[in-house]
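Consider the two complexes below, in which chain A is the common component and chain B and chain C are the respective partners.
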Partner chain A sequence: MSDFTYFAQVLVSGLGTGCIYGLIGIGFCVIYNASGIVNFAQGAFVMLGGMITQVALTRLGLPLPIAAIIAILLVAISGTVLERVVVRPLWDRNATMFVMILATLAAQIVVERATLLAVGDQPRTLPVFTDLPPLKFGGVAVSLQLIWILVTSCLIVAGLAVFFQKTKTGKAMRACAIDREAAALQGIPVKRMLALSFALSAGLGALAGVLITPTQYTAFNVGVPFAISGFIAAIVGGFGKPSGAFLGGLLLGVVQAAAIAGFGSGLKNVAALSMLLIFLFLRPGGIVGASK
Partner chain B sequence: MTAAPARILETQALTARYGHVQALSAADIHVCAGELVAVLGPNGAGKSTLLRAILGLASTTGTASFHGEPLPRQDPVAVSSRGVVLVPEGRGIFGPMTVSENLQLGAYRLRGDKAEYGRRLARVLALFPRLGERLSQTAGSMSGGEQQMLAIGRALMSDPKILLLDEPSLGLAPRVIAEIMEKLALLRDEGLPILLVEQKAPAALKLAQRAYVLVLGRIVACLDPRDLSSHDDLAKYYFH
Partner chain C sequence: MTLPNTTSTERAGLLLRAWPLQLLPWAVSAAIVGYAFIVGGYVATVIAFALVYVVFVTGLNLFMGFANQVSFGQNAFAGLGGYASAILTTTYNWPVLPAMIAGIVLAVVIALIIGYPTLRLKGHYLAMATLAIGLITYEIAVEWQSMTQGYLGISGIPPLGIGSYEIISDRGQLAILSIVALLAVFIAARIKSSRMGRAFLALGASENAALALGINVSRTKLIAFLTAAAFAALAGALFVHVVGYVSPEVFGLHMVILGFTMLYVGGIGSIAGPLIGALLISLLPEVLRGFKDYQDLFYGTALILLLIYAPRGLAAFFERRERTGSAS
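Coming up: the complex of A and B.
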């Protein structure tokens, strides 16, 4: 394999993982924009997406698409439950960001442990969506699951852009992000927008989990690493900016893939955190944010 | 004998606190149908707090009622749905969004009635033609005066039953203030009740049928602007 082909293979692999990080990062942004909250239970949604799909597929015998849709809907509902039970009582008391982060981290641990008790500690995986050999572009092999990830992610990002730019509800969510009190004064139901942002964010996380599980695996404890990667993607992209989070995710995926190819998987997290530090020092506003 | 005009907005012993600080003490005010009432007072007198207390945004005791029914507390969405709409100090426009989107969000509670939306939009654009020229412009990139027009226009898109305005002249040039006040006079003449909080007393007194003077959180006078022969008459309340 030539150097160029090797480089292209690493790039393609990184883009696939990066799409997943990007979707998780968008989840962070959607909630942050609607509420000012950083939700560290975001990783639990990713884990639940893959896990519920796997359980529905193997124990209930449902077809994969049906199992995936059910999982995404259930996780979206669990997002609103989290909002109602954990977040809103604190939000109503004007809890600080620190308290919110601790509360959502606690929720992440509760979901993680409940999953451990329910399904055990064995890693699980899903079949690939299309069981055909990889496509070859020159010497670069691109798996069909990777194409599923890339295409679905791009469609989701485009769909979200249309939702936030064109629909009344999307505009109302943006208004809540800009000035919550002014939005409420216009009659926009701010609390309903908060619940909707959790449902949307949880659904996005679950979709990311469904997409990535066939290429990796899922287990009760995969949520935190995904949450950290998604959070880095959101920061690198420009916190609060969904398009930036997606770009940040792509960049993070490629950097991690390059680090693994160059130095081994042991330095994967070092590369991710180094990139985060570089952005925080040189461009704290992120890729699409202000330069200072 | 003619009946007294109906009081549509009324506060009784309305008191507001920020922590241990009492910012408003037992305020009794009212606005009648078709009336423009000004609330005047020096900086820090509690004028904005009065409006926030009416809307239930501050910690309050006492009552604020609209058409005889108490207004909800800590629920600005419910207050807005009753037709009590505030144009806040600092305008509260959605700066990164376009003028058109801001106006659309003003009519958020209007569900799918395109004819009614068109009627409201036409009314706003007739009142503020400049907004019509800037519908696709980002709201935050407009001048202060245009932003104030947008804030009032957005409030009108909700078809308010009463309009509460908090210092609409703040930070604007005299010529722009005169233009804004002229538009408020038009709304008053159309019969829209208005409660106008304003530090620039001369501009407000030209429009108002009645004026309350608020000093150190207390209503110290209720005046008929026609009874004021000079600004010194008002100043004596400020230094009461």
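Coming up: the complex of A and C.
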């Protein structure tokens, strides 16, 4: 394999995981825009998406598409549960940002441990969606799962753009992002938008989890690294901009793939985390300026 | 502190009634440790862990309770202190005390390098950056197998002791850890009433006001961070020598949530809070049978409930309000 095809291969696999990070990053943005909250339990949705699909597939014997849809719906519901049980009471008490972060992080741990008790600590994986040999473009192999990921992600991003630009609900959510009080005065049910944003964000996370699990694996503790990757994607894209988060995710995916190619897969998370720190440190002005 | 609309005799009466309540956490803590000392064995081991956590949580309290800063990565410094001490004593045959000190120094130096750029961040960015620091440390402990032996961990770490004198008995360990924990709490109390401590509190109340008062905000933050890191590293080093074994899981995210639960049970910002919080939370799994598997699940749930319904923890009962409006 020539250097060029190797490079292209790394790029392609990076774009695949990048899409996933992008979806998770969009999940962060959706909640942040509706509420100013950064949900540190975002990774739990990703883990649950893959895990519930796997359980529905193996234990209940459901076909993959149905298992995946059930998983995404269940996780979306669990998102609203999180909002109602953890976030809303703190929100009503005007909790500080730090308390909100700690509470959602604690929720992440609760979900993790409950999953550990329910299904054990063995990593699980899903079958690929379409079991055919990879396509060849020159010397570069592109697996069909990767195409599933790329196509689905692009459709979702386009769908979200339409949702936020054209539908009344989407516009209402954007209004909340711009000015919550003004939105409330216009008769927009701000709290319902908050619940909706958690459902949407959780569903996106679950979808990301379902898409990525066939190429990697899922286990009770994969959530936090995924959440951090999504967070990086959101930061790189300028926090709060869904399309920016998607591009940020692609960038992170490619950088991470390059790091894996260079240093081995053990340092995958270290590469992502280092990118987070480097990005935070080197762009303090632009980034800190956007923080609340 | 002045109480509005009270005469001096009423005020004295309030103080008198407040005193026994303020002493309560100390009395309960002394009773718990004393009981463990008498019973010995397994209970003594449990309380020994609790005392190690007292040191960790006291550091956390300095940084977060007093200075009102955010760090989800204090486990990184506990891990650094613990691993450094473990590796120096096992691989390089250092004596325990110098190894522990080296571990603490290493952690503080790394905290200085990390803290300088990190503490310029605010809000969510600071929270996520510190969380990342904890995770990077965990990943390095897993991956750097030639040094840390990865998931297997390092066993056969010598117990606490000075020179040829080793503290092996449960009661001996309990005694030395009680002294160390009490010293840590005492130092925290001294810091709180010192010039630096008042700077921490001013910073915690309002960064802009502190700046206006002539406090060097970034330096104060860094000092609070380094102090907390030193406490965490000491706790980590104590832990590995008390248990005799270390693995990456010991200093994982679990430690962060456990530390916060203890801090919030005891009462964030109070002096006795870390002590009573760590002791009570450590005793819980022993009181409730078959609780072990559900530990983290319980701690996480308890933490969420505390944050919502009792954000001041037990300190709300035993400590006078020192600052008006500190309940936020």
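Everything that follows uses one rule, which is that the second predicted complex is superposed on the first by the 266 of 292 C-alpha atoms of A that agree within 3 Å, B and C clash if a C-alpha of one lies under 4 Å from a C-alpha of the other, contacts with A are read in each partner's own complex, and residues count from 1 in each chain.
Operating definition for what follows: a residue touches a chain if its C-beta (ideal position, glycine included) is under 8 Å from a C-beta of that chain, and two chains touch if they have at least 3 such contacts.
Worth saying up front: this structure is predicted, and the values here are computed from it rather than measured.
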{"item": "First (chain B), second (chain C), both or neither touched by A:A175", "value": "first"}
{"item": "Touched partner set for A:K166, first chain B, second chain C, both or neither", "value": "neither"}
{"item": "Partner chain(s) touched by A:V270 [first = chain B, second = chain C, both, neither]", "value": "second"}
{"item": "Contacts of A:I188 with chain B and chain C, given as first, second, both or neither", "value": "first"}
{"item": "Contacts of A:K136 with chain B and chain C, given as first, second, both or neither", "value": "neither"}
{"item": "Winner by number of chain A residues touched, once chain B and chain C are compared", "value": "C"}
{"item": "Chain B/chain C common contact set on chain A", "value": "none"}
{"item": "Touching residues (chain side chain B, partner chain A) in the complex", "value": "55, 57, 76-77, 80-81, 85-86, 88, 92-97, 101, 104-106, 108-109, 154, 158"}
{"item": "Chain A - residues contacting chain B, complex", "value": "168, 171-172, 174-175, 178-179, 181-190"}
{"item": "Complex contact set, residues of chain A against chain C", "value": "38, 40, 86, 89-90, 93-99, 101-103, 105-107, 109-110, 112-114, 117, 224-225, 228, 231, 235, 239, 266-267, 269-270, 273-274, 276-277, 280-281, 284, 287-288, 291-292"}
{"item": "Complex contact set, residues of chain C against chain A", "value": "64, 70, 72, 117-118, 120-125, 127-129, 131-133, 135-136, 139-140, 142-143, 253-254, 256-257, 260, 293-294, 296-297, 299-301, 303-304, 307-308, 311, 328"}
